[in-house]
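Note that the chains take the letters A, B, C, D and E in the order they are written out, and that residue 1 is the start of every chain.
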């Protein structure tokens, strides 16, 4: 149903309206970005007024928030968490490290570009991005959802081979179950 | 045939009312908590959005039959107990299912839900779920005692075990039981703190340590059912206390006012309290609430 | 010959033949065993008659056998369970040693239970009681060397009970000159006040042992958990009910005539309630399913005792109804454990996990029985619990009802532990080979759980015989008064109508089950229990994701003060002390012939010194 | 009339002296003749029992001297019952040990059977005689044959046991003589009936003293506490069947003697209470001691002592029900304890110390013996439907009828201990693994027959006690009837 | 003279009892098996003496019935104790013999004659 990018059924409009105002975030607290999330959620910036709310487990979450650099080891877990999330799901890359490796661009054990491995819907740049930027990122994501074009999960499913290839390139001890839906 | 149809219609209306009220109260609670924490907070209808979103999520995986049936059990508990509670005193709008309800039956059907949730959570195999469930059941043993004692005090005092009977006595005499037997009311209120599982008694979900406990493997529709069941259940509990202690409600507005006031007790208590450990939570209920319960029974017997 | 005699003879003959048929073939043995049970139960069910009376004349004692409505009710339990557990036992005993031994004692104890129920005089009652005791004792020690202590404990406690009963019996005989129960009842008013207290107390001690009442219960956990499970189904389901049967008679006929009636009733009821509470706590602590169920049995028997002891019509109904229900669901659960033990080789809740997909039918039986056990509507257990609470509240036992309620609520904990431990949780590779138990074991369980379900909506099936049993002992007719069809009400007129409840629960359940289950079953995919949110970690085979250790630790920590003291330990210490004492006293026989001679002289001297007092 | 009571004494005595002679001619006659003699005696006594139901007590006057001057033998329902029982047990012991002695050391079967015959003679004599000095003689016969049988095996500690027995026995005989002499010097007669008749003439003090001496002397044979130190040793060290013979024959005769004393001869009111107290103490001490035994036979011995204490208690109750119960208990104890000794000695066969642990796992290797032992144990514990239950019920009923509630409580409490130690053994038999060094000895055919017939008797009596209760009832009535006894003897004309 | 005889009578009783007590003392206190057997024998003798003295009649005649001596019936000593004592002596002899035989066996078996060391069978 996400195939037609510009055409949404009325049901989808309602659904997306609900989805964009109810983003349950699974904050994968890697790197230094994790410290920005509490600030975003608590009283000064209060992301909850936008419907953004923490989720405890991947099964409940809509948004995977990756807050910083990802070592290869961490990547493995992130992929698993992502695959455990239920559709519809979105990924927010948080901070420069997820975009181009940031200050770890030449590290031997971090990945440089997150969207080679996971379909990122929204990047938030900065090192680190301030809560205002984070909120901006969430706003962007809501906008995309409202339009019905935040379809990273769809991409992932379609281009699974590509992602798998990239993932297996860096992750040597590959022991995942198949991701077959 | 017609009455059956009316019954079903009435059941659906009651359910919808309970759902709506429960959801709204949940949203209001979030708002209030946010305001207390000096935040703006989500809109009061945020819970509806969340519920709808959860409903619209896909259910791509499951862990077996009990994973499906567990939420169904919870819903059974909430809805059936709703069926047996007189929502309003004059039975004009919701006449059909205000069955000559029995209090003991209600006590039992109310624990049906946690057990069903426990089963559903059990099959997922997540250790956090099991831990959450054990905590929940333990806590339940804690608060059931003062709760039951309060109810027994009422039953003893007015020589009936029927909810409707207790309600009728209040309506006819015009005296609320919360003033007739304040100790029973105190015990019931303190026990209801535990029933709502808001902080400081939120040891079951405990998102920070148990990853939301029994719910941790449930997303999408499962969570939707759980959430709506929780809302209905909140309504059930509030209405029950209103019926038992506060003279019921003759129309919806009074009902909402009374239940909302009642609801504010656990909410406000929760805002200012940090979380208990499990055994602290249990022994909390075996302290003052139990004492109040005892006094309530003695009061009921001798005065 | 009379029907009762025929049944008894078939039982005894069948037991002997079955025991010796081991020489011929194992299958013949099975067939004989089942044949005996079936033959007797068919004869019984086809010829139910409470009018006949058989008298066996001995020179000093007349043994009178005959059915009363009350014993008929209990005989239903015994025979029903005997047949079902019999089929189950055949399945469970396949390939086990000492089959003949097992069948022999099994049949004998069933026969003895039947004998107890048809006894109209105290001597035959006692005879069958003792046969029941030793045949069950032999089955308790079935598992060999390491259960000897258990066996001795069981036997000693049983002997304490039986002997206090025997004492009561001989006292009754000396006072009334007859062993007939009816003579006891009619002659009870003429006895002196002391005897009127002593006799019921002694009898209650005797019955209390089998009913696992508080200070006499220490045998039960070990005995229940160590007997073969197919027998424990009978043991806990039917045999323990014999104690209840006796108590019912005592309470209905003797205690009512006492001036101290309320005191005794309260004491026994409180004992029952305390039994229920403490054993529930202990059940929560157990890690072995058998012991868990054993403690649970004690607790449930505690409720029954409470009902019987309070003794108002509703309480009696509750007690007897719960007795039936307990027979049904607890034997199912023991059968479940037996099936699991047979399939996996262990009954430890910590070890076995995730059998729900391996043994689905067993799980269904377990689930239904657990719901019935927890007393959750709409199954049969709730009906009994409801009647119990209502009767306690309407008869002014407010603290008692709180205590009972506490244990009933706490029972959820072990109920969940049982289900979770065996069927839910992680599916370990260790148990991936496990298959469903054979049909001969599963079908009895399912039949029993079906009974639990049926009784939830049609309790009148059981309430009717209870009613006639109670009216036999001159309690008021309860039909129209306390129950009518599937409506039950207390004396204040408050009622619970089971039909709407059952319909309501069923409809709502089906609606949501359809909503979740059937709608999503096709579109969703089963994933193993390894695929859970473990902070992104991929669980390895060796990693233990099962939460079993210290399952209810916080709760147990909260109730720790109540569990500090254990009757068991006191009794064992007492026994140890006695043994040490006897070890000391037997040193009188020091082996020196001269000392013995000196004893003799001292004996004479003492007698001579005392002669003035002795022979006046 | 089929025969006279004197044959009970004469025939076995004769046989005992003839056996050595015939043994020189035909070796097997040593084994066979005692059996024939005992069977004949059994037939005789049974027919006599039959006879006396019609004609009443048979009094046999020896050598034409009428009572009270001459010695007389009394075959009353009471003494006849005991005599029959003893002869029956003697026969069983004979049958059990028929092949038993063939391969034991080099000791000939000869001595064994002679002594056995003497033992039976003496015991039957004690029961039948109506003369206290004669009773003394028979007691000494029993004693001496008992010493011999006890020390039968030279390899064991049997001499030690025999010496203890002898030591106590000598003291007993001394005091018995003293007591007899006191009575004789005062009343001038030795006939029991006449003594009973004249007893009011005796001064109370001497009466008491003589009774005490009697109790000491007979109490040593009857194994009452504290005079029973020898008993366990003897039971343990004597050959297996002799244990049964002691428990079933010798002790019974001593009990008979004491009962005869108290019920017939002495008219002291406190004596029955003394019986209860002594019996109870014996019962308690013996059973508690048995609880802690490590050796099977010793345990059985203490159990036997305890049962005897119970019999004393039952006699001490003093009512007819009490005597009925006591006699029933005597009967049951005789058959049950014999079965236990018989089967028990196979369970610990060829073991020097005969520890209880040696029975481990025997249920598999000696199935029939084990089942019989189990039946015996269940019966002696008093579990229905075995024989022991009825006697236990009888004794308790008797106690209850006499309003002795504490007595009932104590008996039942101690019975629990009894159950415990028997069950320990049974558990070991069936559920403990056998030690490799333990080897099972299959019982010989004759032993098996004896044990099975005993087991059947136990079961049959258990299911239908009426078979025996009639006889016991008559015996009890007879014992209660003191004047009848005196009349029967003193007015005899033949 | 009669007085003396009376005293003598009591003396005999006294002596018999004394003998009995001496024997008893020996049997109960001496540790040697032989001495114990001796003590038992002495006890026996004491009893036998007592028995005889009971039957004794001063100036009595032998208890022989013969025509013409009917008036001496009252003067005859009682014959029964004599018969009894003969029996008793025989029995006592037999017992002593068995006892000594046992003592020999005990000595062979235990290499001691001390009774308090022969305690294999106890408790």
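A few points about this structure:
Convention: a contact is a pair of C-beta atoms (placed from the backbone, for glycine too) under 8 Å apart; a residue touches a chain by one contact, two chains touch by 3 or more.
Just so it is clear, the model here is predicted, and its values are computed rather than measured.
Any chain touching chain B that also touches chain D appears here: C.
Should one ask which of B-C and A-C has more C-beta pairs in contact, the pair is B-C. Among the other chains, the CA centroid farthest from that of chain E is the one of A.
Remark: chain A and chain C have CA centroids separated by 58 Å (rounded to whole angstrom). The geometric centre of chain D is 29 Å away from that of chain E, both derived from CA atoms. For this pair, chain B with chain E, the centres built from the Cα atoms lie 100 Å apart. For the pair chain C and chain E, the distance between C-alpha centroids works out to 69 Å. Listed for chain E are residues 27, 36, 118, 120-121, 123, each touching two or more other chains. Across the assembly, chain B contributes 58-61, 211, 216-217 as residues in contact with two or more other chains. Shown for chain A are the residues in touch with two or more other chains, namely 57-59, 181. The chain pairs satisfying the stated touch condition come to A-B, A-C, B-C, C-D, C-E, D-E.
Within the complex formed with chain E, the residues of chain D that make contact are 133, 136-137, 140, 143-144, 147-148, 151, 154, 157, 159-164, 166-167, 169-171, 173-174, 177-178, 180-181, 184-185, 188, 190, 232-233, 236-237, 289, 292-293. Every residue of chain B that touches chain C in the complex is listed here, in rising order: 58-66, 68-69, 71-73, 75-76, 79-80, 83, 99-100, 102, 104-105, 108-109, 111-112, 114-115, 118-119, 122-127, 130-131, 133-135, 137-138, 140-142, 144-145, 148-149, 152-153, 155-156, 159-162, 165, 211, 216-217, 221-222, 225, 277-279, 282-283, 286, 293, 297, 301. On the chain A side of its complex with chain B, the touching residues are 15, 18-19, 21-22, 24, 42-43, 46, 48-51, 53-54, 56-62, 85-88, 181. Contact residues on chain D toward chain C in their complex (touch as defined above): 163-164, 167-168, 171, 175, 204, 207-209, 211-213, 215-216, 219-220, 226-227, 229-230, 232-233, 268-271, 273-274, 285, 288-289, 291-292, 378, 383-385, 389, 392-394, 396-397, 399-401, 403, 405, 408-409, 412-413, 415-416, 419-420, 423-424, 427, 430-433, 464-466, 469-470, 473. In the complex of the two chains, the chain C residues touching chain D come out as 58-60, 123, 126-128, 130-131, 133-134, 137, 141, 144-145, 147-148, 151-152, 155-156, 159-160, 163-164, 166-167, 170-171, 173-174, 198, 579, 581-583, 585-586, 588-589, 591, 593-597, 599-600, 602-604, 607-608, 611, 614-616.
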